[in-house]
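Two complexes follow with chain A in common, the first pairing it with chain B and the second with chain C.
Right after this comes the complex of A and B.
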């Protein structure tokens, strides 16, 4: 999708290095190898049902990874992503259970969506405010908000899942408009939308330029703070959308729905080719990265690898991804 | 022969950076490596200092062939190098930086007193007065450059490579450095000196090797090196005059500043005017506040007082965005840090200051074909080389990077242009083009303010000159009064003291001015 969006209109792009193509090729190949490896071990892996399952799982991660990628492109970071997912899940679930108890149906779901997007946007707004106006390192800002949100989600929910949710809402998890699962559709729209924003709008240009040289964007008269805050708001609103969809799938508001998501999104984005130093990247990266991470964790589940051990593998993948990032910086230096 | 390189070639994908270059260095000589940006000088000294390995050719040090030279080996053989890119650790002190990786130890512990003694000797020899315990992060660029040089000289080097060592030094600091180079040469050290500055070359060079686009144009002796000959060898064409003919026709006031002071006290009570159709210069030593004037007017510094009018409209400068809309553009002196997004395509760095205009991106959507067309046009006018605007800025030489930044001035309607050190670190060919650009703006009726430490540039381009000292304007010179001597006396403060310490210092500086 990203290729279509970037080559249309005789667009000007940085000349793509062979490295770029090689990297993506290697990641795709690696994904296939991992998939095949697990499929040999557990034949269930390659069934249609499981592939459909991987597709759906990938769609959630792709939304979150795209959000993370957008912030990383500004030379930022969103460590609060996972706990924002949990908080949004609790908040939108509470909205819906409250309204549903008063007899509202579809309108309760809509209200839940609005709350999810608004809560997400607000979280991003605060993160962005402290980064852009406060001039505080995004790592520190989002580390702080991560802890605040973690406490918030467990306190509000009392540590228990929020249920029961309206039937109309839970049905979203199995809705397939035009035969495509809703989450896949949302992910596709989000990725295409962000790619178009990156390559065709002033906002997208600003995101990449800020990541490359924030000082230059200020001296060059760009609305630096506005665009930087917007990047965080868009990121977290997307996180809100993803959390909403994931809540429908789990069937209840979960105080720890975010779990490993922060690390998974960073791993997916960086594996896909987003440089941590910012100023570069497209939306193909979080997509490819999300496919890889999902295939890996799906395969490990089917192979019966212990959940805690899976964390070890994920950790190794992240370290590998960050080493790759170092290598890339060196190669282009 | 101290150092001999024969048939050195280096090929990067798509570019032959060096094509069979021969180069040698005798003990006790200064051998200048001269050429435009991108000529291959950096690659050459990279190879000679072991940072890069040649694809073909051979190296010999002290007549012994050397294979697979690396920085470690080079250092052991007494080859020391000072590059333009600083290799200092900002969070460490000057002393720790000088001895980084070569600490003097005593019973296994770092012996700071011995280190300090040794460092003092070297710094005194250099004539540099830098507190040894200051953090490098807090130093000016000039001081950092001095620390770099001290770091290279702390070991006894037989070959010293200096890559544009005076680029960020003031004239008197540069003079000290030149004196040091002379002394090292007398001690038998062989010095490879990379520079654009013709004056320095004339003062120092025993031999000069000129490179152009990776090929060896020739090696000549210092005696034969006239300015014309060097420029011709470097560019491959004759440059008639460095400075363009320009006619100032001052009309109504374009920029007026009154009573401007900065909240932190770096500027006090600045008053100046720039009329449309004239270029006005601000001269002064490094740190006199001349750069801050441009920055303050552009909305980058916090003002405590002052009135600014642009094109007759009173404005309160708050941000570059606002000032660009008011019709004023400031081009910062440090283009890499403040002007350009190096890894992004050229077109993006050039157009960023105009994306709020309706025909480029005012709606929030980029009009990319219009953007490309406008940038291509601007880059054509500024003679960007190579003219591919989709390449990353980082692939360009200093002069071409400068053109990318200056191209902004052509993308929107502006009344006032402020150039801060417009030719720092760019080659002569690009300088000529930048000067031509400035002259064209002036003749088209723009108000131009030039802030520069290159005195000849100020003298040649300005209709009037303001001289600054310690955050104040101390002189305004016009017409016959706008002479080098008058500007120089202003550098050191008030007129009445001109004959005492200032005259002495001015004498030292004067000899360094261009022919």
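Right after this comes the complex of A and C.
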């Protein structure tokens, strides 16, 4: 880390250079401009109902992008994120339909949540195991697990949505404790929790140090493999939580729920300022990136832009974000 | 012989593992698989089934060679499947448009135009990939992943997700279903492509530059190799080969398919790593990758004969890639220690 400062605790943390503020400012400004542009084209964009809609959609993507960001910080990558979402959705839906058929109500929902978190954690554990102990390139590990999970989600479900889900579960999508939608609340808690973990705990420092200098982590006597695996487990457990909430929203376990999510999370994380070479970043990045990606896709939907063309735009956004990433690295080097 | 680190580093040893590492696991697995089939499944050796295997092998080995070229220069090509789809669609659309616009044109010229457009599209996509990796210095994996989304989106957008059926009948009957000396024309064409790739990689300066640019970029640059240009041409070749596989598949199924090649990336990477191509670049042989592609084609056929759902084959590919890389890492660590 070239631009690092020693904080009170004696730990090394990247300083927040003016460049950092400029970048975030530009992305926020760009989001407003894109929003305004679409709002002029289609007035529905700026209605309260649609803004609330964008907020909820952002909350899911923010959870997933935060998970992706955590792994990218270790100089890793999770290509299996999207298919993990599908698999978890199917698994927790199956748990709930089975238990609900036996008359369980709220306890079925709790069991569903436990299964979602456990399945997510297990997926992350496997990814992390092969990365940390196998020493395999994370791209390859998660490319492999992506294909494995793709098979699991489609075969377990037989390719069909899993329904009917308990009423109590579907009500979660519209639950608003203290006037805030549940998914927004969860996203806020997850992001704040992760940010605290990153800046205040050994785990957080280990994650950033693994990304910037893995050898130093080992030399420094940190439990390198443990923390690396933990990063993947936390990532996928978060993915499990997000998949659980999204399943409540769609009302059934969907074998294709993950769809474009992997690409969207990468776009969001990198646009927000997470560096691909690892070792840097905070949780504001996936949040800002998720808002931008959601506003863009929501606007394109309202403007009636062909769903197929949106894939093209997503690709272009990713390439733009990657070019930006290179420019940043050059600027800070 | 190319400057292949693996071949140079392999010491003389008679251990089974060493032998396996030198010639690759694929030939052994092929023998085992074919032997097992000889015992339990006579249908495997029917003429039609063998032709079927060879045809699937042809498509796969074409993209696998492209993937190998890109991996030798230290990259990845995640968008081979999207290039196949876009080439298939654009080729079929060109032929359809040419048939309508110039009804008097001889059919072979119409087909040629379609093939040229498809190959051009693929090469162009490869050029863009190369420029992203070399010009903008984007990570190859991510850059081609973005391109995958963009190109796949274009293929779907142009066709609205519906196959393009305006392909001339002769294109299908003569090229797609054509036979020569008892084998499909497609197999002969791909055999030619494989030979050409082998010749370029093993016998020409171009191949040596490719190995050098991937194995040690600094040394390559120091010895006057324009490594940027070499890397870009590897991506272009991969695009060209993927487009070639796409257009041959179009001839085979008789329509331009926007959803072609959904598993092409994982299949080609599986063939490459099973064929001993190093993820760190600089290592990879045409013969071994082609053998691995043959193994995967036989495996897929065996699983079909055993009535295993094709979805499970994707799962097996996922596991195979991880294991193959694990073995490769173990082997390279062992040789590093000596």
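The rule is short, and it goes like this: the second predicted complex is superposed on the first by the 320 of 333 C-alpha atoms of A that agree within 3 Å, B and C clash if a C-alpha of one lies under 4 Å from a C-alpha of the other, contacts with A are read in each partner's own complex, and residues count from 1 in each chain.
Throughout what follows, a residue touches a chain if its C-beta (ideal position, glycine included) is under 8 Å from a C-beta of that chain, and two chains touch if they have at least 3 such contacts.
These numbers come from a predicted model, not from an experiment.
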Exercise. Specify the outcome, clash or fit, for chain B and chain C once both structures are aligned onto chain A.
Key: clash
Practice problem: Could you let me know whether more residues of chain A are touched by chain B or by chain C? | Solution: C
Quiz item: What is the contact status of A:104 with respect to chain B (first) and chain C (second): first, second, both, or neither?
Solution: neither
Quiz prompt | Partner chain(s) touched by A:279 [first = chain B, second = chain C, both, neither] | solution = first
Exercise. Return first, second, both or neither, reflecting whether A:39 touches chain B, chain C, both chains, or no partner chain.
Key: neither
Practice problem: In the overlay, answer first, second, both or neither for which of chain B and chain C A:188 touches. | Solution: neither
Self-check item: Which superposed partner A:222 touches (first chain B, second chain C, both, neither)
Solution: first
Quiz item: Which one hits chain C, of these parts of chain B: 55-63, 91-99, 109-117 or 253-261?
Solution: 91-99
Practice problem: Can you check the complex and tell me which residues of chain A touch chain B? | Solution: 9-15, 200-203, 205, 208-209, 212-213, 215-223, 279-280, 332
Quiz item: What residues on chain C touch chain A, complex-wise?
Solution: 76, 132, 136-139, 141-143, 145-154, 156-157, 160-161, 263, 265-266, 269, 273, 279, 309, 311-312, 314-315, 317-319, 321-322, 325-326, 329
Quiz item: Contact residues on chain B for chain A in the complex?
Solution: 298, 300, 319-321, 323-325, 330, 332, 337-345, 347-349, 352-353, 355-356, 361, 364-366, 368-369, 371-372, 389-392, 408
Quiz item: For chain A, which residues count as touching chain C in their complex?
Solution: 77, 130, 134-137, 139-141, 143-148, 150-152, 154-155, 260, 263, 266, 276, 306, 308-316, 318-319, 322-323, 325-326
